[in-house]
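Input: structures, listed below.
What follows is chain A paired twice: with chain B in the first complex and chain C in the second.
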Partner chain A sequence: MDEYFIRTEHLYCNYKDENGREAPALIDINLNIKKGEYIAVIGRNGSGKSTLAKLLNMILVPASGKIYIDGRDITSGDLTDSDILDIRRKVGMVFQNPDNQLVATIVEEDIAFGPENLGVPTPEIRRRVDFALETVGMRGYEKHEPHRLSGGQKQRIAIAGVLAMEPECIILDEATSMLDPRGRAEVISTIERLNRERGITVIMITHYMNEAVRADRVIVLSDGRLIRDCTPRQLFSDPDFLRRQGLDVPQSVELIDELRRQGIAISGVPVTQDECAEAIMKCLKNKRKKAENGKDQA
Partner chain B sequence: MAKIRLEKINYVYSPGTPFETRALRDVDLEIKEGIVTGIIGHTGSGKSTMVMLLNGLEKPTSGRVLLDGVDIWEKPKEISKVRFRVGLVMQYPEYQLFEETVAKDIAFGPRNMGLSEEEIAARVREAAGIVGLAPELLEKSPFELSGGEKRRAAIAGIIAMKPEVLVLDEPAAGLDPAGRERILATIRKYREQTGGTVIIVSHSMEDMAEICDEIVVMLEGSIFMSGSTAEVFSKAGELRRIGLDVPEITGLMLKLRDMGVEIDTIPYTVSDAVPKLMKLLK
Partner chain C sequence: MNNISFGQYYPADSLIHSLDARFKVICAFLYIVCSFLCKNILSFAALLASAVILVAVSGIPMRILLRALRPIIFILLFTVVINMFWTTGETLLFSWWKIRVYYEGIMNALFIAVRIVVLIIGTSIFMTYTTTPIALTDALESLLSPLKVVKAPVHEFAMMITIALRFIPTLTEETNRIMAAQKARGADFTSGSVFKRARALIPVLVPLFVSAFRRADELATAMECRCYHGGEGRTRLNVPHCRPRDFVMLFVIIAFGAGLILINIYGVGYTMK
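Then we have the complex of A and B:
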């Protein structure tokens, strides 16, 4: 049994550029993801994030290299249609645009679509639909029309559709980027709950650093290469790296960085707003103490 | 001087049906000339309806929209002239690109205005310069561009009409940080080169803090609050009460104040925050 739920070895993938030439989209990607991990994938547009997601879900086929899902080599070429369906059931995807992934005209039919195609018996489908809606906090919307829902609600229905397939991993490809802050918060808290309470492996492709900061591990892609695989804290302790990669630096981290540049000694690696506020408070207290000591000596 | 004034605007969707929704209620608002005004609020708060009223794409159920003091619906047949004067960049405008080349797409608006070919070409070049599209991209198909480039090509199409007011609805939504920064740069450059009035709708408080002179906060079809960017973001408590946020740096400085640090005016950009803290820390 493989220790890792997802493992890639020397993975390469190409795409056809505008002149029809083959260009590399991913170069030598070696990745290990354990069951239950919460991974954020960041990188500018065109860095290969979506290509990676589509390889793991078998929407794309690699040029070379290996991908193992739950111990199974999905690149071996001897997979039957039912093997492929099984991989897609295990690794579900939620895409960017909430309007492009709902297929039915009633919420519960949309969620039932996947299990129906798998031939799941009707009472079992009913149970799964109810469970999925409950989990994403959308009970009571069974008979609603998806197109009348808000963006955040539509994405939660899309997640429920994936959940009804009883997946072990969910990949979100910029699934919050078209949502307003409230919708984004709805989706993120839903996903975090699934990860924490159900042990579902989460791979979150995102541009928002405040989403990446909540992950166990952050993977940075640049021009098709995996250039960093570390904890969020390690990543945010290097704002220059983020800037060079064209990624956002959280404003709190930027402030600490600028104060240090101007000669203020700030200890530790504060990354969240609270940690940064506390680090600044500590400096102020130290300064006050020093001033008082100075007075005593005088 | 008010460039645009809204007087007692009401807007009702699908009146007389079970879906009747009042999107705007008794809205009075002045948009000042030559500055950047931001509009913030939740989805469904009436922001997008309001921007569609500004250039006559929608007609208010009651109330008046005044452009330079004149009711834009006074002569309904001439409403298309208002659309040249108030240019609206809708959400995800790149879905509306359709011409064979980027240059032709940018030229679409100016051509509808009946301008000479020479004038059209000059405007296309100028607009492409403002949005930062390299000349060699202009002869490509819009579909060969990256997402951020497509977005800027669509914005250039509106800028090329030389509107007096440029209205942008969520111009940076869905772009990566580099793409978002280029959109902000475009707005700055547009302001520098034309001195025009800009109205921008966005969910990013950090972007709004950086670019807006004034901010209007919408809530359930009404104006909840409006004022200078500093005034609006100083009312963090009220904004949070209605589920909106303040820029991250503002939140951090408010936390410090709660912890007992003396900060007179709360900054809303990092570059404002640094000198204030340096004074205390040095």
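Then we have the complex of A and C:
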């Protein structure tokens, strides 16, 4: 059995540009993702993030290379229809626009859509719908109409719809980009809880560096190439690299960087907001201590 | 924008609301048949009485029901006029110039009017007013499922209706947004001739269509991601189940039809030809 849940080898994928010419969307992607990992994928528009996501649950087919999901080669071509359904069940996907992924006019019917397609028996569907709603904190909304919910709530319903298929991995393709800050926070906390408590592998494609900071690992794509695969700490300790790639630098990292440039010594590699605040506090305390010591000596 | 209601569903807690949607579709159909069975004055009276009972049982206010009749007022008037002036009979009531009105004509016009009104009220009570569109769609899918044998795309049809219903509010919202955007750039939708106003809508329709196609594409991908592969081997969260009351209702309607036939045979009074 494979120790990695997702593994790709020399993965290439092309797309047709507006002139009908084949252009590379992904070039030589080698990726290993363990079960239960929390991965952020960042990169500019057109860097191949969404293409990568769609390859992983067989919406797209690669030009060449191998993809293994849970030890199974999904590029081998001898897959039956039920194998494909099984892959899509294991690797669920949540998209950017909440309106364009909800199918039914009633919340519970929408969540049931996946299990219904999989032919799950009715009482079991009911159990899964209840459980999924509970997990995303939307209990009591069973009979609501999706179009009356807020963006964050719709996205949580979409996550519940994926959860009801009992996936092992959830890919979020910029799932927070159309939400207001509150909706974004709802979705992120839901996803993090699923990752922590249920061991679901999470692949989060995002433009928000503050979200990427919270992942176990960050993958950076640029023009179809995987150019960085490291921890957020390693990545964000190099703000110059991010700027070169045309990516945002998290505010916290930016602040520390600026302070250092002004000649203020800050120890460690603070990345998240909390760490940043702590590092600055520590720096201020040291300064005060030094000042007091200086006074004492005088 | 948030209070768009689909169709004409009127939420209430009546006997008719609680019936299985499949039975209601059948009942509506049988009720239409019943209204065409009526031939003489007694059976039309019975039909009218049955409609009144139906209204009372359904708990739908009269003013809501009258709203359903508004679109057909023209057709109603038209058929009444045609029947009144073009029916020839034996008892001439009055004639003026080329117009002749017979007793039979008046009666026929009355009968047809009753038939149309009862038809509309009956079907809307059984279907649109007491059944949610989604239940109605499921009922149609279930009732038409025998057609799958001859490869009719019954499931696909039902899925199309479901998605259409789901996207009505989304696209309405989008239309309003595009119209607002065009208004902000000086578009004028309210003045000018009908032709001019229709032309002003083109810059609204084009982006609306583009966006609808994009949505359709994204939705298709999202459905595939959720393992959609047509109706084959699909199970349902809410399986419709029939209860004794559904059969009782069905029996009542059939008995009513049989009664009408008897009245036609043995009834007295004016009989329509």
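One rule holds for everything that comes next: the second predicted complex is superposed on the first by the 284 of 298 C-alpha atoms of A that agree within 3 Å, B and C clash if a C-alpha of one lies under 4 Å from a C-alpha of the other, contacts with A are read in each partner's own complex, and residues count from 1 in each chain.
By our rule, contacts are C-beta pairs under 8 Å (C-beta built on N, C-alpha and C of every residue); 3 or more make two chains touch, one makes a residue touch a chain.
Since the structure is predicted, the reported quantities are computational estimates derived from the model, not experimental observations.
Student: Figure out whether A:R182 sits in contact with chain B (first) or chain C (second), or with both, or with neither.
Tutor: Only chain B; A:R182 stays clear of chain C.
Student: A:D81 in the overlay: touching chain B, chain C, both, or neither? Say first, second, both or neither.
Tutor: second
Student: When the two structures are overlaid on chain A, which partner does A:L284 contact: first (chain B), second (chain C), both, or neither?
Tutor: A:L284: touches chain B, not chain C.
Student: Between chain B and chain C, whom does A:G46 touch in the aligned arrangement: first, second, both, or neither?
Tutor: first
Student: Of the partners chain B and chain C, which touch A:V269 in the superposed model: first, second, both, neither?
Tutor: It touches nothing on chain B or chain C.
Student: Taking the superposition on A as described, I'd like to know which of chain B and chain C A:S252 touches: first, second, both or neither.
Tutor: Only chain B; A:S252 stays clear of chain C.
Student: Pick one for A:L102: touches chain B only (first), chain C only (second), both, or neither.
Tutor: Touch partner of A:L102: chain C, not chain B.
Student: Hey, which residues of chain A end up touching chain B in the complex?
Tutor: 18, 44-46, 96, 150-151, 174, 177-178, 180-183, 207, 210, 246-248, 250-252, 254-255, 258-259, 262, 264, 273-274, 276-277, 280-281, 283-284, 287
Student: For chain C, which residues are in contact with chain A within the complex?
Tutor: 2, 6, 133-134, 162-163, 165-166, 169-170, 173, 215, 218-219, 221-229, 233-239
Student: Which positions of chain A touch chain C when the two form their complex?
Tutor: For this pair, the touching residues of chain A are 54, 57, 59, 81, 85, 88-89, 92-93, 95, 97, 99-106, 108-109, 112-122, 125-126, 129, 145-148, 161-162, 165.
Student: Where on chain B is chain A touching in the complex?
Tutor: It is residues 42-44, 144, 146-148, 173-179, 203, 206, 243-245, 247-249, 251-252, 255-256, 259, 261, 270, 273-274, 277-278, 280-282 of chain B that touch chain A.
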